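Two complexes come next, and they have one chain in common, chain A, joined by chain B in the first and chain C in the second.
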Partner chain A sequence: MTVALSLAASPRRRRLPAALPWLLIAPSVLLLLALILFPLVFALKNSFYFWNLQMSPVPMGYIGADNYRMAFSASFFLGALRTTVLMTLVGTAVEFLLGLGIALLLLRNLRGMRLTRVLLIMPTTIAPIVVGFLFRYMYDPNGGLIPWLLQSAGIPLPAAGLLGSSSTALWAVLFADVWQWTPFFAIVLYAALLAVPEDVLEAARLDGASAFKLLTHIKLPLIRKTALIVVMLRFMQLFNTFDLVVVLTKGGPGASTRTLGYSLYQAGLVDFNIGLASAMTWLIVIVVNAIIGLFVFFAFRDLD
Partner chain B sequence: MARSETFSGRAFGYLAMLALLVVFIGPIVWFVLLAIRPADTFFAMPPVLRFQPSWESFRYTFVEPGNNLPQLRNSLIVAAGAVLLNLPFSFPAAYALSRYRLRGRKHIMLWYLGLLMAPPVAFLIPYSILASAAGLKGTYLSMILIAQTLTVPFSVWLMRSFIDEVPVELEEAARIDGGGLWTILTKVVLPLVTPGLIVTSMFAFVFSWNNAAFPLVLANRATATLPVGTLQYFGTAGVTWGFIAAAAVAAMIPPMLIFLVLDRYVVRGLTFGSVKG
Partner chain C sequence: MKTVSAFRVSRRSLMKSGAALAGAAALGGTFPNIVRAQGSGTLRVLLAGDPFYYAIEGLKDQFQQETGITLEIEAISTEALQARLTSSFISNEPDADVISVDQMWLGQYLESKWILPLNEFIKADSDTAIDDFIPEVLYSMNTWRGQVGTLPVASYGQMVLYRKDFVDEAGIKIPEDGSWTWSDYLDTVKALHGKSFGGTTMSGTVLAGQQPAPVVHMFTQLAASMGTRWFKSFPTGSAWDFTPTVDSPENREALKLFLELYKLSPAESVGYNWFDAGMRFAKGDIGMFYWWTPYAYLCRKDGYMTGKDSVVADKLGIVRLPKAPDHHQVVSLGGHSLGIAGNTGKREAAWQFVKWATSAKTQKAMALYDKYGYQFSDFARPSLYADPDLLKIYPYLPGQIGDIRAGNGKIVRPPCPVYTTLEGIYGLNLNKVLTGAMTPEACLSETSTFFETILKGNFLIPYQQASYDDTLEATKALMASLA
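Coming up: the complex of A and B.
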């Protein structure tokens, strides 16, 4: 009734101007552009200058592409890229597979499973830097819990400790990351699997499908999109990792845990070589953008 | 999971459940114990499980001299400030992206998402130097402002997923009643999406609370947030593990509580609203 009355009262229905939605979006986009473009332009300019912040508060001289040349020649960039890609690929794969296994377990109807699921996400809630503290304590070669457990199980350990030996340090850092983020995969994949219709599964079971076939032929294809999204998010976070490395190993020993993120941190905030750091910023931004583009193309092609 | 399970199947299930808790919750408990242990048991081998709990580490970090207490307050100011500043930017954008079929909408959404996946470390040096140049170094404002690069894109995504769930018919009815956009937004949409706004804000709070990278380069001694302040215990004569643990445990509690309260929305929050859960 009110609808009819008000229609009658104003025959020309008020139309919203077409620019309006853009006005609603604009403030956030402008704010973000300002916060992103300033630093990027700043870094682009300084990547062509020699500038050590300890020697001068302003750039110290134009040196062309020398910073970029240095980034490559010191195998700073390529070595770190290799470490980063290795860590990211292994980490994402392990976290996904473990998470999937745990998700299947969480689906089982056992007493206490709900509470387990609620508690399981706790590692993911912790700040990565704090996870770094936690594992540095647990890895301590003199009385840390992890070396003690491994030694009790008869596993020989490097004398310099798990974080102090170049053969184990990267895996020890990665283990901390796996500990923090496997629950993330488990919880999200659990939610996705929960939505798989029971009648579809029942039909396949009647056809004699094994549990493994059920997983690979029905469940996984049905949760494909969710899986892609979480893999993408985690892949990029792992690729950008640096705070965990700062706390656990500072890139060492040698260059064994020097990820891209950490080498950039080191160039700029430890060595104060702003020129080199700026060149690396741009190299990293280009690599990251390429990967994001690839992922987004596959994972969000059908985003509406 | 309607089929009946064998006894050994169930037994395996319970064992696996126990293993999960030991592996994923055990280290957290171990770290909390570190904060209340007497110092001579920090690295005792074999590990000491029975000890007289001591509040000395918490007392030292938060009461006397209490170096970490101002950092706790700083963390609160920065995270709360980041959430509050973020709302007027993200809510209108989320609304527009939910309600209007805009050309390029998908690309805008993906642009926000791309920002969430950008390497924070790449921006640390420029932010540090630019903040100094602008006279903002060490201020809460600089940290709150830079946190927007995380909170705004995150909130747009998550909030949009909540606004999508509010039936558009209610707004259309209000529009036909002659309501202007402002009236519709504040009187119709806002009350309906308030739960979503609260959930989004709480996750954005955690996001900002847990970010150590920006405060690392923007804060000074007086404005350092808790995770950054905890770093002070490294590098001095020996690492003072009890104090690190006490300060870090305090930093762990708010995000954990928020995740427990928001249990239903955890999947959605962690995937920026792209998985409903």
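Coming up: the complex of A and C.
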């Protein structure tokens, strides 16, 4: 039956015009390009105009690269860039390491692991804004769970609370992010580890490889592609952190938790400086793409 | 879902509409405006989610009965409101017919034609009773270049709230009539700070230190009262000059006093927003603080619209703000106003709602609305401040109107173009002072420099457009001409 069908279909397939597949996917490609390119081109154009909605509903004139100059001259942009890079690097690294640890634990058939797997996915399903409110209550210096736990453990807390002190606020925001997104790493890495062939591991064990060697020489190299992609995705997400900052600190105290995402929101949706916000958008696009480009170049160069 | 349910015709609504129509037809020429508004269908109202919204939402059936217009009311945060409205007007996609307009957006909205000027509506409709508005409120919140752009639905001043039983036990007398200075205020806070009361160690005061808006709202009250002005000449003066004047001796003195107050507050108040500061006072471990007048009723409850009394509910003292010697008292005025969206197709129905919500009758009903306890005393009409029914519930009204009459929102937080950008810088630097990252001197010097850069960058220094000598007298004259 199958043979008959394929024989009957093959002459017809040969008659199809070569351009048909291109024509079929063209609408989707064009739509995607339009959706990606239009906002970027629109923002690029606006970034060279003086357009502040507090002054006028329409652009007030071409000002060259002044918006870019203003973004760099205002200390908040470079400060926000530093905060964002620090938060992104530390956050991604911590979430990856903790996620890997949890994934390795999940591989062991310990008691309660099924339930743990189900529970693990829950934080990632909560909207970041809700996580922000949850942690705001948990960080409350007057009866919040986290200060109480830390104080019970004899760890001194700043008088202004974890969110009120410039030295701890960023880490407090990051902790909320780590709580939410570590399970994402854990689940993805766990799935990747399940695909590591058992016979390879068995052979290594017979050769006397320790658990650490199994991890570093077999498991990690075999899940490398998955790990790199998940690290890259989280890096980009963390780079645009906004919701948690708005709910937990509004960028404060001072500018200690002011991320690029928050600065962009401030410029575009609070100050309504569309020109400046567009210039900042492009600077962020360039920075993120440069970092991701370097990451892809180095991380994937010896992978096929 | 809302839209679908709004159009559902029940027997009761049919009878109500029939009765309203019949009544309106019978009364005919007596209520021409009501008749004109009939058949306008559903009116979409987009409000800021402050206490006044709950009262309006609770009373909306009355409006529907009176006019036959169905209301779809939505309330969101002020920031979300501004973003949503701007997006709607820029894209010319009509959103709501009646909108909350903050006093800081008024000039931008009127000049961009995003809201309709109300002068002609008011002139044509004597029911507005424009002469029964407090001129200082209309001046501060609703007028721009000789036009009334909005009408006030909730008007706030600032007052001092204190815990009576604690202050009495400490043997401190607080003048009810505002005959005290900011240095008396600081001394009182110092005297209260650290004292044990009912087993609790009390804080002298509490601040709203969160950047940018809360800390600016709180600090600028103190600063303006001590003589600080933001610009060389705005909004009064025949030629506007936006050269910043925030780096002044009086503002440095005010900021040092503010920092002193922070040291007598819970340290975490560096991150407190408006409501956090109010609710901290409501928890009972704060001696006194000054803040927006809605906290006179909000602090009586243990949370936002919970309906449950706080521990300070029956121990609340409310008095007028301190002054600075040698300076004319200036009180911050704020709140919420209603405007008619420029792109609405239901102008007449929208005006009916604005008029209804800001009328003395509705405002009184809002104050008597008791779903969450009495949670509205933000009147812009002097007649309501003398209403015996309202005085029974809100005994602090005489002091409140005293402070509101000393109000000038255009001095305390001037509604200049790019105000929110300036507020962002100011708020950030004030917050840095509280965290110790900046000295008061460095804060004001840097703020002034940033102000100048921003104002020059937005072509406001030098100011080349037509100025308007925006005085309280001009508003009074405008009110007289519209009455």
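What we mean here is this: the second predicted complex is superposed on the first by the 277 of 304 C-alpha atoms of A that agree within 3 Å, B and C clash if a C-alpha of one lies under 4 Å from a C-alpha of the other, contacts with A are read in each partner's own complex, and residues count from 1 in each chain.
As a convention for this text, a contact is a pair of C-beta atoms (placed from the backbone, for glycine too) under 8 Å apart; a residue touches a chain by one contact, two chains touch by 3 or more.
None of these values were measured; they are calculated from a predicted model.
Chemist: Which partner does A:Leu145 reach: the first (chain B), the second (chain C), both, or neither?
Modeler: first
Chemist: Would you sort A:Leu264 into first (chain B), second (chain C), both or neither based on which partner it touches?
Modeler: A:Leu264: touches chain B, not chain C.
Chemist: Examine A:Leu31 and indicate which partner it touches, taking first as chain B and second as chain C; both and neither are also allowed.
Modeler: Touch partner of A:Leu31: chain B, not chain C.
Chemist: In the three-chain superposition, say which chain, chain B or chain C, touches more residues of chain A.
Modeler: Of chain B and chain C, B contacts more residues of chain A.
Chemist: Give one of first, second, both or neither to describe whether A:Met55 is in contact with chain B, with chain C, with both, or with none.
Modeler: second
Chemist: One more residue to check, A:Gly251. First (chain B), second (chain C), both or neither?
Modeler: After superposing on A, A:Gly251 lies in contact with chain C but is clear of chain B.
Chemist: Taking the superposition as given, does A:Ala43 touch the first partner, chain B, the second, chain C, both, or neither?
Modeler: Only chain B; A:Ala43 stays clear of chain C.
Chemist: Between chain B (first) and chain C (second), which does A:Glu198 come into contact with in this model arrangement: first, second, both, or neither?
Modeler: Only chain B is touched by A:Glu198; chain C is not.
Chemist: Identify the partner contact of A:Asn109: answer first if only chain B is touched, second if only chain C is, both if each is, neither if none is.
Modeler: After superposing on A, A:Asn109 lies in contact with chain B but is clear of chain C.
Chemist: Using the superposition described at the top, list the residues of chain A that contact chain B and also contact chain C.
Modeler: 53, 142, 269
Chemist: Which residues of chain A touch chain B in their complex?
Modeler: Spelled out, the residues of chain A in touch with chain B are 2-3, 6-7, 9-10, 13-14, 16, 20-22, 24-25, 27-29, 31-32, 35-36, 38-40, 42-43, 53, 102, 105, 107-110, 112-113, 116, 118-130, 133-135, 137-138, 140, 142-145, 148, 179, 182-184, 187-188, 191-192, 198, 202, 226, 229-230, 232-233, 236-237, 239-240, 242-243, 247, 260-262, 264-265, 268-269, 274, 277-278, 281, 284-285, 288-289, 292, 296, 300, 303-304.
Chemist: Name, in rising order, each residue of chain A that touches chain C in their complex.
Modeler: 52-57, 60, 66, 70, 76, 141-142, 158-161, 163-166, 249-255, 266, 269-273
Chemist: Spell out the residues on chain B that touch chain A in their complex, using ranges where they run on.
Modeler: 1-2, 5, 10, 13-14, 16-17, 20-21, 23-25, 27-28, 30-31, 34, 42-47, 88-90, 92-93, 95-97, 99-100, 102, 106, 108-115, 117-130, 145-146, 148-149, 152-153, 156, 173, 175-178, 180-181, 206, 209-213, 217, 227-228, 230-231, 234, 241, 244-245, 248, 251-252, 255-256, 258-260, 263, 266-267, 270-272, 274-277
Chemist: Looking at the complex, which residues from chain C come into contact with chain A?
Modeler: It comes out as residues 79, 82-83, 86, 89-90, 108, 112, 114, 209-212, 266-268, 270-271, 283, 417-421, 424, 428, 431-432, 434-435, 437-438, 457-459.
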